[in-house]
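Shared chain: chain A. Partners: chain B in the first complex, chain C in the second.
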Partner chain A sequence: MVKIHLEHVTKLFGKVVAVDDVTLTINEKEFMVLLGPSGCGKTTTLRIIAGLEEPTEGEVYIDDEPVTYLPPKDRDIAMVFQNYALYPHMKVYDNIAFPLRLRKYPKEEIDKMVKEVAEMLRIEELLDRMPKQLSGGEQQRVALARALIRRPKAFLLDEPLSNLDAKLRVMMRAELKRLQKELGVTTVYVTHDQAEAMTMADRIAIMKDGKIQQVGSPADVFNKPVNLFVAGFIGSPPMNFIECTATEKGDQFLLDAGEFQLDVTCFKDIIKKNATSSELVLGIRPDNVMVDRERKEGLVAKATVYVIEPLGSETIIDLAIGDNIIKARTLEVVDLKMGDEVWVGFDMERLHIFDKKTEKAII
Partner chain B sequence: METPQKPKGRKKVRWIEKNIKFLFVVPAIIYLLALLLFPAVFNLYASLHDWWIGRSPKFIGAENFIELFHDNRFINDVIVTFKFVIIAVTIEVGLGFLLALAATKITKGVQIFRVLFIFPIMVAPIAAGYMWRMLLHADYGVIPNLLARLGFPRVEVLSNPKLAFWGIILIDVWQWMPFVFLVTYAGLTALPKEPYEAALVDGASSWQIFRHITLPLISPILLTVTLLRFVEAFKVFDIIYITTGGGPGIMTESLSLYVYIQGLKFFNLGYAGCIAWVFFLIVMVLTTLYILRLRKEMKL
Partner chain C sequence: MSYRRNGTKRFAILDFVPYLLLTIVIVFLLFPVYWMVITSFKRPIDTTTPTLIPFVDFQPTLRTWTDIVFGFNFYQSIRALLNSIITATVSATLCVLIGGAAGYGLSRFRFEKWKNRDIASFILAQRMMPPAVALVPLFIMMNYFRLIDTIIAIILIHTAFNLPFAIWIMKDFFDEIPVEIEEAAMVDGCTRTDAFFKIALPLAAPGLIVSWIFCLAFSWNDLMVVLAMAYNKAVTLPWMIATGHSMRALEWWTISAYGTLAIVPPMILAALIQKYIVRGLTFGAVKG
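Up next, the complex of A and B:
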């Protein structure tokens, strides 16, 4: 099993910067997810690791060996493509056997290995079919089988679940994770779905505009986002942002959002040290918004219930505070209705404060 | 409550709506009857008669057919035609496909090739024949003159027993290889990109990718273009008629030319019809076999 390392990798397509100075290490046996919106350069980064694209600048290392200019076939990595890229003219059996045939394995051994991997992925009964006769989920398993069969040094997966329906996606998510842990293969997984990233990854690298924004464990990127983008991208429903101005009133240090003021005297020193101006953005996850009909301690803002979204096990309440709409999530039974006046407070231990200009996290 | 009455004449309108489709097929049926079925039946009728233009036909049964298989000129022409078809089509498909493969590797300037390659296809075979007769003329032809300057002997290609056949092949390849190029190039550029990348990652070499990905994926197009050339090449007439007239002797005489000579030069309608029918059967049997194979290949 191997370690993959990207060193200041940049890729230009004409004048468009697809990947911008990316440095990233994927450790042995690690499940690394590259997460980001469409066009953020995550797939290009994966293709650079595979050798399907040559970086304009920078180096790629597999097990400390530079492989930047090595063709894909000499890197011993396997890749599952977004649309599976099965060979349309070959039966499932031949698709899976293809990598071994290229390496001139004896026929009996190929047969044994194909059957083994088919059993592992529960596709034994599909071996005689053509790819076009398979459903999306089945094609995905065949693509996985083809990648697994030659026991590669590393797996690269490019949004392999994006073409599946929601139910199958959730099921395959768990299966892929189990498979990766069982085989212990270093894996790089590209997705734009933060739920996939959070559930499967050992570590997540969040990308935007070709740049890596943050690398960390799912808990890290969720609880300690380094900037507004990461904070807004991770989590569903996303984090609430409220623009505010820092003001001092006697001993108190307040965040003034217009409709309400929040006492953040406890963070005064950190904010003063790190903020480039008094313009700040308050960030709070829906789970950390408290709502009550009565004004209690810690509830700071008056709000109107805008809409209620019951999801069975939980309820999302959209609240209007002046012009801002924020979401609150609660597991309790909600007896509110649209238009009700309520009081809203924030869990101060889970508060995030960002610099509006640099978009970087202060707290 | 009264049920609404069906409007009068509705039945008639429906009948017309249902059957009008047949009206649209009538021109095609007339075309088929007039230009295909009638000549075929007429030729079959003629082939069973001793029938010279200007004389009344006399029924002789299969006599023309029996005579045909003892006719050395017919056997020569069958061999010439087959040799022509096999060599010309092989070169056209092979060279056209190789050029198309090479063109897929070129990123700039392919458009120019594509435009240039359309010209030979647009030229009428008669015009192409005349043009090449000029180009290959021993005294004032460009090609023999250029070759003579390079030290080669000056030869009249199209009347030379050793070269005439190859001259015909050259002209046919010049005219039809671009067709194969254009069709296969279009096919190659339309192939899905993903299997290639998958094969690269799976560890395939350039040759393995060609052998296991490109060739199987392009084979339906390759087989179709071969079939088209195959059927077309069997009917070769114009370029031979213009350039060699079947000569020297009957060395470049194709079956089509022989049918023409028997029918419209010797006025032997019966015998010409007989050759045309045997020729038709040969092409039909071969084409059917080819199509069967094609169908099998197409079942991807």
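Up next, the complex of A and C:
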């Protein structure tokens, strides 16, 4: 199948840098998600791969062929747009058949292929309708069918689920993932929704301000974020950050957050080697915050329960430690109420420490 | 008609008020047309009297039509009618072709040196100037190119006058079509030109028809340009109406006959493409 490679791609719109020196390889059959907040350049990157945008600098390769200046029609890729971009003046059937008609397929074959793909996506009964008469979910299936029908080298999907309601979105993301694995087509998927990225991707490329921050598997970017941005963007609720100062007290190496001190002697060498100053940021995911009424071993900070957010299967506890509010997530039944005094501890195995100045991860 | 609580119909005086008002408006609007049409069927002697109903008030006659319009003026009348049809359709078609292309360009491409908005405003600014201002220079130009009293001159000038309008309408129509639809076509295998002809143009068809009709109407009704540029071979129906074609006095019957002749083709056209005209009238107010 097909490998897509971007080599030092930069795109300027006037003086605005939309994509900043992006180098990225998307492997064969891989489901790659470009993830980032709006305006981070992920859609522009996708449009550059599609050929709808010419990069200011850099090269695009599909299957090791340079395609940077090839028009979209010669790249043999299919794209699904955020608003689906169905042809409003054509019936669903003609919409799906359009790419084949352009390639002058014989009529019977077109008919066979349209029926086949319609069956696969369960839209057979919609073929005679106009796009206007379809619901959002149906339009999305038609757009997918139009992309699937000609077995392209690669799929490019630009936030295809963002116009659907929440329930349908969760359903479609599972279906899309299965479809991609069944067909084994290299796929680039753009989204700003970290949950979509985590659930669907083989690998995620997280972008910010036109730059790629980190590329890795969902587990990688979740467990080993390379900087504060990635750490804060992935995961819901997001990671807790507490600013602190590194201090040495005898043999002990401590992180002083004002309200509490955390003994990180075991990380002393790594911190000393990599930190640019003693100003650090402590990062801990809500799942790795321990809460108890009694002071037990490993619980280091005194906190007040700020608010309790029950979610049915789990509960999120907001805790006030001095001026900081941190979130803890627990699957256990919580018998706490607002204003209760508790003790809080952190799972040292899951601790993240970042340099405050460079925002890079130290641990 | 309103309904009582038990569901039976009740005729109330108030229910007829809207119809009454509408009738008054329609009479007000159509009376001049009616007056014109019956005048064309009157004997000259009857045209000065306020007679309204044929066969009752006056004896209708076809004499104006048979003796003048299609009589000794036959050749000139037919030529004026044809000139009107040709100038209006050709200039409207040119406007739509050029305006469609220009509107598409303004809507889809980003111009850097002069911004799109500046170009669009500059084009519209052509309409700010009273057309009469341009008549003398245009006459000199047309004279230079030996085009006076040719329908080419009239077509060119009408096209130039109408083009800004056509460009603006078409730009707006293309703006309404999401650019992603064309991009999808390009990814699906179209060239940019394919995408324009297969996707954008069919979607903008109502716009094309609306601007064609508006340009046609302007050209059909124009007198000023024709009066300035034509005197014999290239005259159109409005010219025939205005000049009254008389050596002796105002021949109301002849003027009315030409007037009637001039409203027939647009009425046929209007009947044929009524729904697009309605779309044109609401254009801007209700988009999409």
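Note that in this section the second predicted complex is superposed on the first by the 363 of 363 C-alpha atoms of A that agree within 3 Å, B and C clash if a C-alpha of one lies under 4 Å from a C-alpha of the other, contacts with A are read in each partner's own complex, and residues count from 1 in each chain.
To be clear about the criterion, a residue touches a chain if its C-beta (ideal position, glycine included) is under 8 Å from a C-beta of that chain, and two chains touch if they have at least 3 such contacts.
Computed from a prediction, not measured in an experiment: that's the story for all the values here.
Aligning the two structures on chain A places chain B and chain C in clashing positions. When the two complexes are overlaid on their common chain A, residue A:31 makes contact with neither chain B nor chain C. In the superposition on chain A, A:50 makes contact with both chain B and chain C. When the two complexes are overlaid on their common chain A, residue A:89 makes contact with chain B and with chain C alike.
In the superposition on chain A, A:354 contacts neither chain B nor chain C.
By the touch criterion defined above, A:155 lies against neither chain B nor chain C after alignment on the C-alpha atoms of chain A. Of the residues of chain A, those at positions 50-52, 71-73, 77-79, 81, 83, 85-89, 98-99, 102-103, 146 touch chain B in one of the two structures and chain C in the other. Partner chain C is touched in their complex by these residues of chain A: 50-52, 71-73, 77-79, 81-83, 85-89, 98-99, 102-103, 146, 156. By the touch criterion given at the top, residues 50-52, 71-73, 76-79, 81, 83-90, 98-99, 102-103, 130, 146, 150 of chain A touch chain B in their complex. Touching chain A in their complex are the following residues of chain C: 178, 180-181, 183-192, 194, 199, 202-203. Of all residues in chain B, only 192, 194-195, 197-205, 208, 212-213, 216-217, 300 touch chain A in the complex they form.
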